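Shared chain: chain A. Partners: chain B in the first complex, chain C in the second.
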Partner chain A sequence: MELLNVVAQQSPGELAAGLTAVGRGIVYGAAAIGPGIGIGIVVGNAITAMARQPEAAGMVRTTMFLGIAFTEALALFGFVLSFIVAG
Partner chain B sequence: MAILVTALEFPPVSHVTEWPTIFGEGLFAVNKVVLLMWLSVLIVFGLFYAASRRSRLVPTGVQNLAESIVDFVRDGVVLQTMGPEGMSFLPLLVMMFTFIFLTNIWEIIPVAQMPVNARIALPAYMGVLVWVLYNFIGIRNQGFFGYFKSVMFPPGVPKALYILVTPIEFVSTIIVRPFSLAVRLFANMLAGHLLLVSFITITTAVFTLGPALVIWPVSFGLLVALTGFEVLVAVLQAFIFTILTAVYIAGAMHPEH
Partner chain C sequence: MTTAPSLGTPVTGPAPEVDIARDLARRALPIAPVAVVVCGLIWDVDGALSAAYAVVLVVANFLAAALLIARAARISATVLMAAVLGGYLLRLGVLTVAVVAVRDAGWVEIVPLGLTLVATHVGLLVWEARKVSVTLAFPGLKPGAGFGGNQRG
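And now, the complex of A and B:
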């Protein structure tokens, strides 16, 4: 920390604030990776299902939204946590 | 480029979600968010009261609107998840859908410009409401021990796996469900609100700069597109909250087999 302060020529408080900002970014960014992949899989498979059986499109769409909602929740937890991470 | 960066001052989150008190004090302080919530309650009540007061066989005007909402919730939510026996929950789900949609749509109405659900209070309250409701229905339909047995010991699982399955099922059904229900609605509306605020800040910042006017239509166009996107999000979140409530109630009505 001492060395970092000297290098950055800043007061310790500013460094802490900066690191908090970086931490918030990492919290949200990391939380978005898994749900991003998950939603891709959910929607991709739903489109495949709709293309194969267009008559079942209504049922598939409802289930798809449910799947998206469950998958998306994790990313949203990360979004809220990024505000909670204390400065 | 340097001028553009200095002109951009994004407001902190507290500035765009915390509103000054209009009247009252302490716990009963009333601000813009509370007023918008009261207005939503009045609109939902007024809409369905006006629609049902002089109902005709061939619907016109407001009755048309109310009937299409009821039809949508009945065909899209109740019949898809609970089947005909879930019809007794139709009034609750219709109210829930309409109310959540109205509290969300304030996000893009000029002058209001604040989704009520961007504060955790209302989503948290509704999450607790749904939690109490489906647990009550589960205990009423299956008995106290029967309900918790069907929640924590789902049939068809190898005996040894119950060590793993039971804690996960308990945590996900009893603890995480209301929390995720509330946070999903809250975080979606807060994110949408912040997105609109950010793009409005960018658009006004670019507009105040003479030389950068070439890119102004781009940011303005994006702002308009995002406003349309937020309408979609408002409908979708109301729909998802309603259908998840229906799924939870349907799961509590019958033991899994």
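And now, the complex of A and C:
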């Protein structure tokens, strides 16, 4: 209730700026969660593979690095989107 | 009976990440002028400077990730896992700070900066993946080497 009173006292410009900042945070945060999980899966499985087959570590690490970088691109999409859409 | 390697032991062998990151940085050299010129034509000088800044950020991001992984792998597989996930957060944080710090600068156009950031990152990776996929399948084969020694790409 108190929060609603605070919001009601803001001018429309301030309210829009505040909501934009909140929206930006939500977009970036949500976009970073998925890649975080994805990178965890990629690295976890890569380490399992290296432990099972140490002689294939070079190949596993190569694909792991590319997998990490591709997954990270999703977070970059969210990051860029949060800046571009919010203006 | 063989014993399974412990997760506390270092990951042995060469560090292919560093080679890939170096390769990506080398491939960024011909891409950077194209991005700068295209963004310069559309958004003027500010766009060109923003595109150049974005390419620098992408290359630095790749190199930082590779060095972090290579160094962590020399310690142990457990540290590798922690370094990759921690490094992801750290690099995203640094990237955010690097963009937010210049966002209000006079020479920055956020649209070309963002578009170049994403396009360069994905484009370089696709380019590199094409080479890596061939070398992983046939280690002796160099991509682009056609019959009779014709080079392309």
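Note that the second predicted complex is superposed on the first by the 78 of 87 C-alpha atoms of A that agree within 3 Å, B and C clash if a C-alpha of one lies under 4 Å from a C-alpha of the other, contacts with A are read in each partner's own complex, and residues count from 1 in each chain.
Note that in this section a contact is a pair of C-beta atoms (placed from the backbone, for glycine too) under 8 Å apart; a residue touches a chain by one contact, two chains touch by 3 or more.
The structure displayed is predicted, hence computed values, not measured ones.
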Q: Record, for the superposition on chain A, whether partners chain B and chain C clash or fit.
A: clash
Q.
Let me test your reading of the model: by the given contact rule, A:M59 touches which partner, first (chain B), second (chain C), both or neither?
A. both
(Q) In the superposed model, which partner reaches more residues of chain A, chain B or chain C? (A) C
**Q.** Touching partner for A:A32 - first (chain B), second (chain C), both, neither
**A.** second
Q.
Contacts for A:G40 in the overlay, against chain B (first) and chain C (second): which applies, first, second, both or neither?
A. second
Q) Regarding the shared-chain residue A:L15, is it in contact with chain B (first), chain C (second), both, or neither? A) neither
Q: Tell me which partner A:A49 touches in the superposition: chain B (first), chain C (second), both or neither.
A: neither
Q: With the two complexes superposed on chain A, say which partner A:A73 touches: chain B (first), chain C (second), both, or neither.
A: both
(Q) Of the candidate stretches 45-53, 63-71, 81-89 or 153-161, which in chain B collides with chain C after aligning the structures? (A) 81-89
Q. Chain A residues touched by both chain B and chain C?
A. 59, 62, 65-66, 69, 72-73, 76-77, 79-80, 83
Q) Contact residues on chain C for chain A in the complex? A) 4-5, 7, 11-17, 20-21, 62, 65-66, 69, 73, 77, 80-81, 84-85, 88-89, 91-92, 95-96, 99, 103, 110-111, 114-115, 117-118, 121-122, 125, 128-129, 132, 136
Q | Residue ranges of chain A touching chain B (in the complex, touch as defined) | A | 59, 62, 65-66, 69, 72-73, 76-77, 79-80, 83
Q. Which chain B residues qualify as touching chain A in the complex?
A. 13, 76, 80, 180, 183-184, 186-188, 190-191, 236, 239-240, 243-244, 247
(Q) Touching residues of chain A toward chain C in the complex: what are they? (A) 28, 32, 35-36, 39-40, 43-44, 47, 50-52, 54, 57-59, 61-63, 65-66, 68-70, 72-73, 75-77, 79-81, 83-84
